[in-house]
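Presented sequentially are two complexes of subunit A, the first with subunit B as partner and the second with subunit C.
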Partner chain A sequence: MARYDAERVGVAPWLLSGPALLVFIALLLAPLLLTAVLSLNLFSDTDGVVPSYSLGNYLEVFRDDYFHEIFLRTGGMALAVTVLCVLLGIPETIIIARMAPRWRSLFLLVVLGPLLISVVVRTLGWAILLGNNGLINDALQALGITEQPVKMLFTQVGVVIALTHVLVPFMVIAVWATLQRLDLQVEWAGLSLGASRLTVFRRIILPQIMPGVLSGSIIVFALAASAFATPAIIGGRRLKVVATAAYDEFLGTLNWPLGAAIAMLLLLANLIIILGCSKLAERRFKQVFE
Partner chain B sequence: MAFLTLEGIVKTYGKFRAIDGLNLEVRHGEFIALLGPSGCGKTTTLQSIAGFVQPTEGRIVLDGRDITHVRPEQRGLGIVFQSYALFPHMTVAQNISFGLEMRGVPRAERGKRVDEALDLVRLAGLGERYPKALSGGQRQRVAIARALAIRPNLLLLDEPMSNLDAKLREEMHIELRAIQRELGITTILVTHDQVEAMTMSDRIAVMQKGRIVQIDTPFEAYERPHSPFASAFLGKTNAFAGAVQLRNDRCCHVQVHDTLMHVPHEDRALGNDVNVYIRPEKIRLVALGSGRFSGRVRLRVFLGNLWLMAVESRLGLVHMTLPNLGTPPPEEGSEVGLDWSDDDLRLLDREVAHGQV
Partner chain C sequence: MHKNGFFSLLFHALFVIFIVAPLVVVMAMAFTSKGYLSLPTNGLSLRWFRALADNHEMLDAFGLSIKLGLASATIAALLAIPAALAISRYDFPGRGAVTGFLLSPLMIPSVVLGIAFLRFFSLAQIGGSFWALTLTHVIVVLPYALRLTLASTIGLERDIEHAALSLGASRWTAFYRVVLPRIRTGVVGGWMLAFIQSFDELTMTVFVATPGTTTLPVAMYNQISQTIDPLITAVSTVLIVGTLLLMLILDRMVGLDRVLIGEGK
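Take a look at the complex of A and B:
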C-alpha cells in the first residue's frame, strides 16, 4: 500500500486540520472543562455558586432516589429506542438497498427527510398526533378499537415512539454503508449450500453488517440518552429525563453546580456504556471488524 | 440418457434476450465448458441452472427431475463463484462445514468431511484460518472444497480462475480437472478463456448472442469450427477472403487475390464469397523458392516456447507460430518461403462472418 513519507509531509496536515481543531477546542473542550469545574463547586440558596471544591453534588445525585429514577428512566428509554431502531432500521435498509435505483433514491429521501426538519417542529407534530384528541386516538375510536382515548402524550411510550422516528435515519445511514460492501454472491453461496433465506440472513448477512449496526446503535443510543427537545415536549414537565433534569437545575432552581454534575454524569454514563458495548461487539465479531 | 437437460431456455430482460433458445444435454460425469465473450449469456445460463435466475421460457431437467421452478436452496448444487464468495466471518472449516450443517449432518461426521474436503484441495491444516489470511489461490481452493463437501451431483464453476494470476491459473486448471475426474462429478464451467475451456473440459459449448453455436470436444471445436466466430474465439487464425472459382467432387478452388487455394472435402456453389482459414501453427517455414509462396518477415517475437512471426506476402499479412527448437528463425526483413498442407485449410461462408466479434 502506498504511504505518505512522514518527513516530506511537513506541517501541511496541521495547517489543514487547524481551523477544525480550534473550533473543536474553543466550542467543545473549553465549555466541557468549565462544566466539569463548575460541577465541583457548591451552591447555597443565599450566595449562589460558592467557589469551593468538593464532590458534594455527585454524592447528592448518587444518594437521591429521585435522580436514580431519572437516570434509570433515561437509560431504559435510550435502550428501547436503540432496540426499536435496530429492529426497524435493518429491514428498512435492506429493502431500500434492493429497490430499483429510481425508487431507491426516492425512499432514501423519505427516510432521511425527517433530518431536514427542525426537531422542535417535528416533535410538535408528534404531539398533535399522539394527543388524547389527536389523529391516532380519533382514528382508533372511529374504528371502534378503543372506547377511551389511549394516553400516549406525556408517557414514556410516546417519547420512545417520537425518538425512534427521529433517530431511525442514523441507523439506516450506518447500516447502508456496510450493506453496500456486501457481495451478492455471498448470499447466493449461502443459498446454494442449502440455507433458507432466513438462515442466510441470520448466519451470513447479519454478522457482516454488524459493524454498521453497532455504529448506528452507538449514535442512536447517545442521541437518545442525551435528547432534550423530544422528552421535554412529548414527555412534559413531569416525565423527566437526565437532560431535562439538568436543564431544570440550571434554569429552574438555578443550582448550576448540581446541573453541571448531572450533565457530567450523563456524559460519563454514555461513554462507559458505548465503549463497553463496542469492545464487547468487536471481540465477538472480530473477523468482520478487521 | 442425458443427466442434465436444458430445453429451449429463454431469458429476456425487457427487450434484451440474454438467452435465446438454448438447448444443452450433459452426460453424467461430463465436464462441459460454456465459452463465449462477455454478454453472450453464459453466466445467465449458469445462474438459471443454479436457480438464481428464473428463465422466461424452457425447462431444466436434472437427473430426471424437473428443477425449473425449484428454489436454489433446494437444488443441492455445488457452486464456485467468481469472487469465491467465502463467508468472511467464518473460518475455513466453518465455511466448508456450513453446507453440511444445513443438511443436518451430525457434528462428528461434519468434522471428518471437512478434513476430507481440505485434503482434496491440499489445504489440510488451514481449517482454523479466516479467508482474509489466505492467498487468492488458497481462497479459490476453499471455495471448491466448500462446494464439493456437500457432495453435489452437479458442480457449477462461474469463471472461477479469473482472479488468479496466469501461472496459478494453469496449475489450478490441471488440479481442478484431476479432482473432477477423480470424483466423476458432472461439471459446468463458464469462462471466456479458451485455454481454460480447452484444458479442463470434455466438450466445449461455444456461445454467441444467447445461443450455443457449436458444441464439440476441444480438438474438434478447434480443428473444425462451424463458424468464423467459433474459429476466431478458439485461438488465433488467419482468414483469407476469396470466391469459389472451381469445384469438383473432391475439393473447392478458391481465388484469393491472384492465388488459387485448394480446400479439400468442401463443396460450395461457384462464385460464393467465402473465407479460407488456416491456424498459425499449421504454416511451415521452408527454404526460399520452395513451398507455395514466399514473403518478407515483418515481425518476429520470442515467447520462450514459441516464435511468433508475421510474414508479408501476396496473400496479405500471414501470422504463424514456430516451436522453439533451439535455432532462431530468419530475422525481420528477410525473405522466406512458406508452405502448408491443403488438409489444414478450412472453408466457411462469408455471410456468417458478419457475426464475427
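Take a look at the complex of A and C:
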C-alpha cells in the first residue's frame, strides 16, 4: 500500500491508480490504436492484410451505397428507439414516482431489474413473441384482427420493439434521477393557481426533468446505434446494422481492415454523440437554471 | 404529486406487461413436454431441464462463465479500490483524465472493443486462453466496480484512520481494519455488478471467444442464430431465476436502487 495518509500530493495517487492505468494502457489503449492503424491498411483476397497505409477503407464506406444504407438504417432505428423510450419512459417514471413507497420500490425493481438479465435472454423472448407462429400473431389471428400472420421477426419494426424493451430502463433511470430533485410542491402551486394538468406537465414538470430526458436519450441512442445481439437475432442475417456489418467483415469475409474502419467510424460517431450532446445540453440548461 | 388516475394505471399495467412478457414467455415455454417450441398446454414437464442437465456444451459454457465472472470481477475490484482511493483523496494533476480513462469502456461500443481485442490478440498471439479472455472482461467491468467503490470512498472521513495511524497501526493495518470495513458496501456492490456484467457480456466476447473458451452467452447466441428450441428456453429460465436471486441478495446488501440508479454519483 502506498502512502495515502500523506495530505500533500506526491506520487501516491499515481502509485494507487498505477496498476489499473497500466492494465488499461496495455489492454485498452494499445488495442484501440492497433485497430486504428489496421483500418488504414489494405486488404487483398490473396495476401490478406497488406501493410500499406491509405484512407481507402474509409473512402469505400463513404462511397458505397451498401454502407450508406447500413449507416442510415442504424441511425433511423436508433432514433425510433429513442423516441419510443422517451414516450414510454417519461410517463412510466412519473407514474411510479406517484405511487406509495411500497409499490414504488416494487415496480422500480420490475422495470429496472431486466437490466441485469442477459440481453440474449430478453431478445430470445421477443424472437418467440414476434415470430410468424409467435404468440402475438396467434393472438391477432384468434381475435380475427388479421388472417395472415403479420411479419415482425426479421423486420425493422421487430428490432425497434425489442431494442426499446432492452433500453427503456436507461431512460427510466435518467428521468428518475432528475425527478428525485424536483420539488413536488410546485405541481400543487400550479394547479391551485388554476393551471390545467396538461399545462402543469408541459410548463412545470417537463422543463425540470428535461436534463434527465436528454441524458437518457443520449444513452439510449448511443446504445441502440451500437447494439449487436438484438439486431443480429431479431433482424437476422439480411437486416444489417453497423455493428453486425463490422462483425461480418471480421468473421465472415475476413476483410479486417474494412471491418476496423467501420468500427472506428462507429466509435467516432458514438463519442461525438455522447460528448457533443452532453456539452450542448449542459450549456443550454445552464442558461435555464442558473 | 397527485395520485395516479385510471389512465395512468392502465398505461402502467400495459408497460409492466411489455416489460415482463418476453421473460414470462421464455420461462413458460421451458416447461413444455413437446419436442418443439410451444406453451405447455398439457401439464408442466421438466423434460428440457433434464436435457439441459445432460448437455455438456451448455454446462461447460456455464462453468466457464462463472469462473470468468469470478476472476474478472475480483481483479477489477482489486484494481478499482486503490484507484478509487487515489481519485477521491488526492487533487492531483490529471485526476479528471485518470477517472475518464478508467470509465471510458462505458462509452466505447462493445463491438469496437471486441474488434480491438481480437486484433491485439492475433498480433500478440495470446488469444484463446482463459486468462486472455479474463483480462478483456476486466477492462469491460472495471468501470462498474470503480463507480460503486468511488461512491463509498468519496466523502469518507479520515479521522479514525489518522487516529489508528497515530496509535501505531501500520498503513496496511489502518487500511485493512479501518478503511476497508467502511467502504465494504461499495466494494461488494461493485464486485457483484461487475460479476453480472461479465457473466452477461456477449458482444465483445463473441469476437475473442474460441471453441475452447465459449462463454454461456456466446453458446446461447450461437444456438439461437441457428434454431430456437425448448432447450435454450430452459437455459434462459435458469438464468432468469438465478439473476432474480442475485438481485434479491444485492438489494438486501447494498440496495438495488443504489446499484442501478445511484451508480453514477
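In this text, the second predicted complex is superposed on the first by the 244 of 290 C-alpha atoms of A that agree within 3 Å, B and C clash if a C-alpha of one lies under 4 Å from a C-alpha of the other, contacts with A are read in each partner's own complex, and residues count from 1 in each chain.
Methods note: a residue touches a chain if its C-beta (ideal position, glycine included) is under 8 Å from a C-beta of that chain, and two chains touch if they have at least 3 such contacts.
Worth saying up front: this structure is predicted, and the values here are computed from it rather than measured.
Which of subunit B and subunit C touches more residues of subunit A: that partner is C.
Of the two partner chains, neither subunit B nor subunit C is touched by A:G56. Of the two partner chains placed by the overlay, only subunit C lies in contact with A:L34; subunit B stays clear of it. Judged by the touch definition given at the top, the superposed model places A:L112 against subunit C, while subunit B stays out of reach. Using the contact criterion defined above for the overlaid structures, shared-chain residue A:A195 touches subunit B, although it does not reach subunit C.
Using the contact criterion defined above for the overlaid structures, shared-chain residue A:Q208 touches subunit B, although it does not reach subunit C. In the superposition on chain A, A:V186 makes contact with subunit B only, not with subunit C.
By the document's definition of touching, neither partner reaches A:P149: not subunit B, not subunit C. 188, 191 are the residues of subunit A that lie in the contact sets of both subunit B and subunit C, per the superposition on chain A. On the side of subunit B, the complex with subunit A involves touching residues 50-52, 71-79, 81-83, 85-90, 98-99, 102-103, 130, 132, 146-147, 150.
Partner subunit B is touched in their complex by these residues of subunit A: 183, 185-186, 188-197, 199, 203-204, 207-208, 285, 287-288, 290.
Residues 1-5, 9, 12-17, 19-21, 23-24, 27-28, 30-32, 34-35, 38, 88, 91-92, 94-99, 105, 107-129, 135, 162, 165, 168, 173, 176-177, 184, 187-188, 191, 222, 226, 228-229, 232-233, 242-243, 246-247, 250-251, 256, 259-260, 263-264, 266-267, 270-271, 274-275 of subunit A touch subunit C in their complex. Against subunit A, the residues of subunit C that register as touching in their complex are 1-4, 8-9, 11-12, 15-16, 18-23, 25-26, 29, 37, 39, 79-80, 82-83, 85-87, 89-92, 95, 98, 101-102, 104-105, 107-113, 115-120, 123, 135-136, 138-139, 142, 146, 161-162, 165, 171-172, 174-175, 196, 199-200, 202-203, 206-207, 217, 220-221, 224-225, 228, 232-233, 236, 239-240, 243-244, 246-247, 251, 256-257, 260-261, 264.
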